[in-house]
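See structure below.
Labels run A, B, C and D following the written order; every chain starts at residue 1.
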Amino acid sequence: MSKPLSREQMAWRAAQDLADGAYVNLGLGMPVLAANYAPADRDIFYHAENGVLGVGPVAGPGQEDPELVDAGSQMVTLRDGASIVDSAASFAMIRGGHLDLTILGGFQVAANGDLANWDALVPNKGPLIGGAMDLAAGARAVHVIMRHTASDGSARLVAECSYPLTAPGVVKRVYTDLAVLDVDIDGEAGGGFVAREIIPGLSRGELTAATGAALAFAPDCKLLEAPDLPEA
Amino acid sequence: MSKPLSREQMAWRAAQDLADGAYVNLGLGMPVLAANYAPADRDIFYHAENGVLGVGPVAGPGQEDPELVDAGSQMVTLRDGASIVDSAASFAMIRGGHLDLTILGGFQVAANGDLANWDALVPNKGPLIGGAMDLAAGARAVHVIMRHTASDGSARLVAECSYPLTAPGVVKRVYTDLAVLDVDIDGEAGGGFVAREIIPGLSRGELTAATGAALAFAPDCKLLEAPDLPEA
Amino acid sequence: MINKCVDDLAAALAGISSGASVMISGFGNAGIPTNLLHGLSALGLSRLTLILNAIRRVNDCDPTFFAEGQIEHVITTAFRGPGQEPAAFETQWQDGKVSFEIVPQGTFAERIRAGGAGIPAFYTPTAAGTPLAEGREQRDFNGRTCVLETALTADVALLRAQKADRYGNLCFRGTQANFGAAMAAAAELAIVEVEEITEHALPPEQVHLPGIYVQRLFQAARKD
Amino acid sequence: MINKCVDDLAAALAGISSGASVMISGFGNAGIPTNLLHGLSALGLSRLTLILNAIRRVNDCDPTFFAEGQIEHVITTAFRGPGQEPAAFETQWQDGKVSFEIVPQGTFAERIRAGGAGIPAFYTPTAAGTPLAEGREQRDFNGRTCVLETALTADVALLRAQKADRYGNLCFRGTQANFGAAMAAAAELAIVEVEEITEHALPPEQVHLPGIYVQRLFQAARKD
């Protein structure tokens, strides 16, 4: 019997791939949790699209400054070596390809790397786009953290996105509650998703059934084992 | 017998039109001299396109900093309230129409406001363009200081520029050693130049003869009387 | 003598009229000019166009803006209220009383920057291949499809800074600059509420926004 | 631990090869990285493209650059030597050994800024109606003719700053930033000579150029 990863465990797994010295933007929700789980030997600069390069921990009591927030509007601190710019300069940094990585949430990722994460077509509510399109189009690498399937059981890793796209052909890697999957954009594995890691107790057939697009398994496909983590 | 204005007197005359509170860029040569003659009751910010807003006097002994120069590469000081930006931001300021006025040198000004001041077609020498085109196209008003005629006696106020243009249709006012002339871009005076002031002893016929385009005289055309000024 | 300080809120907002386009700074609660926003709402104008990152911040700050139907059009990166129920402005949109244009945040910032920098239009890869690019002019550069975007300008910009001198030079605190720095340059009339107006000029190398971009300064404590 | 400092000039310039495009900061004598320039010239490379405001400053600083014919192409706002006689680079141009592209200074700065900001092309009114716009793509916006300009990027940028911390954050002195700030962002490899490398990180609100744009730092006193 398999046990899907928790939000924290998915964020933990994504954090293990953060490179030492990297400049990284973490999207709202699960992605921003990844900062809590980066290995201690990695020196990382977190970018917030409202202008912070070097976001530190959330501000504790006595540290709060309402004029210093991150992209989730949370009051934060700064790390050593941080700097602050205005929004135009901050997005110049994103669009100019200066961020090594962005980790975003997702509604759907397609087998060609298309990402849909901004418009879930909710009735009676206006659209909210924020910086997702700029991050998806601008960062050198785009990773996504999302549950493998929607709450109604439908696939979120799909042959073609049904939700409006955020950016075409940009996603390299997806962290789900069931697996770590790469997008085979170059077609080396015949196209589609390639599972790199799969949670204990889940069969390859079960993962394939939960995936709405072609799925291959890497020759060295490993077990995805995450530590127990308290709720963040 | 008329006496043409000196370089300093031309700059002095141009300076009398500088408005209180104005942001002004002064080109190399005679224009930059104008800062010496601005009336004392005018609070003016001089912009240098290498990034200074609020250029002060040229640095005296002990004040020189080779890392603080104006657009003529002279070591300068800063005025109270000055700020410094990089070149991209400085030209954003120019191009965005934030400067009230630029005063430039000129080779030729045409009756339609065309300005030629960057390429005198010197043989065996490469072109030098600098910031002239950006200033001419970007400032809210363009004034020109230049001698009324070239050293060979040919007209520099012309029906059509023969030198390569810096910008079309931008010059509002020209200060020469013989007169102050407005460009009648709106055609209120039938097109061409309109003399506002003329130096003592010079006849209207002599000014017309020295001008290579249609010339009208303002109904209130005045004498252009400049004080004696030492060489700057 | 140059002095951009005005005495009170009324003087700060004087001359803004119905039909004006108004840029409003702020990301989260940082850099939102709440004093100016309340003042603008109280003017009771109509047919305003608001240009701002997230419309809900204005709604949170002063709901009377939308209750009274002062707004005609919104250019924003987020036209969405909190929660599941439609907010007042979402209802007005569905009733055809308010229209909006939705823009990716980086394109939004760059269009404002272009407005202040005299760049009428530019190409960007952001939004290419998405529904936002449908029907838009697109073009490939270096093998990548880009969308043509035009500059945003406005009649008025409202922003907040930590410090100013009488020349209008600004220092921002924290992430207070966000859209305000570019908005000041893109608007005909930039009005800034500041925590402190300093007696002496700010140090030249520490000025975040040169005074040339600021027309009026109004001292007001932060209001949440 | 992030540390962008290198020990000597050789390490600062390591890996630059013939055929590279090199952006060089400097306006007048402010912000010119003369130590790096002398070092680059001494590498004896060939077919370089130089992108800089005024070519004569490089010539003044290190004439061997042109004497040895290391340069193939120059993108600049001023391809002119001092005095009436042609400078070495002007002669080489007339002999067909060096080519150049002349660009208005504001367009030059904006093209570099665009290169670093991921904007592949933009329209500007500068140069419209002049010989520089002949044969170029032009288009009217708001009744004004504008020219299409493309971004400038480069393999390497060389610049000078007053202070840096080990993260690569820079503070400029006086007018030292000029083109260097934008060049660092537009180049794959930005190498900075600095007067002082500080023990502690620079204060966040006083950083003029964030360290993300800087790859290598080299401490060197100013050399005229």
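We take it that contacts are C-beta pairs under 8 Å (C-beta built on N, C-alpha and C of every residue); 3 or more make two chains touch, one makes a residue touch a chain.
In this text, all values refer to a predicted model and were calculated from it rather than measured experimentally.
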{"item": "Set of chains whose contacts include both subunit C and subunit B", "value": "D"}
{"item": "Lowest number of touching-chain links that must be crossed from subunit A to subunit B", "value": "2"}
{"item": "A-D or A-C, whichever has more C-beta pairs in contact", "value": "A-C"}
{"item": "Centroid-based (C-alpha) most distant chain relative to subunit A", "value": "B"}
{"item": "Between subunit D and subunit C, distance of the C-alpha-averaged centres to the nearest whole Å", "value": "34"}
{"item": "Rounded Å distance, subunit A centre to subunit D centre (Cα mean)", "value": "36"}
{"item": "Separation of subunit B from subunit D, taking each centre as the mean of its C-alpha atoms, in whole Å", "value": "29"}
{"item": "Of all residues in subunit B, the ones touching two or more other chains", "value": "84-85, 91-92, 94-95, 138"}
{"item": "Interface hub residues of subunit D, defined as touching at least two other chains", "value": "110, 113, 117-119, 124-125, 172-173, 205, 208"}
{"item": "Touch-based graph of the chains, sorted into line, ring, star, complete or other", "value": "other"}
{"item": "Listing of all chain pairs that touch each other, if any do", "value": "A-C, A-D, B-C, B-D, C-D"}
{"item": "List of subunit D residues in touch with subunit B within their complex", "value": "27-31, 53-55, 77-81, 84-86, 89-90, 93-94, 100, 102-107, 109-110, 112-113, 124-132, 162, 172-182, 208, 222, 224"}
{"item": "Residue numbers on subunit B that touch subunit D, as the complex places them", "value": "48-52, 65-69, 71-74, 84-88, 90-92, 94-95, 124-134, 137-138, 164-169"}
{"item": "Touching residues (chain side subunit C, partner subunit B) in the complex", "value": "1-2, 113, 115-119, 165-167, 169, 185, 201-202, 204-205, 207, 210-213"}
{"item": "Residue ranges of subunit D in contact with subunit C within the complex", "value": "110, 114, 117-125, 141-142, 144, 146, 150, 171-173, 205-206, 208"}
{"item": "Subunit B residues within the subunit C interface of the complex", "value": "21, 23, 43, 45, 47, 53-54, 78, 80-85, 91-99, 138"}
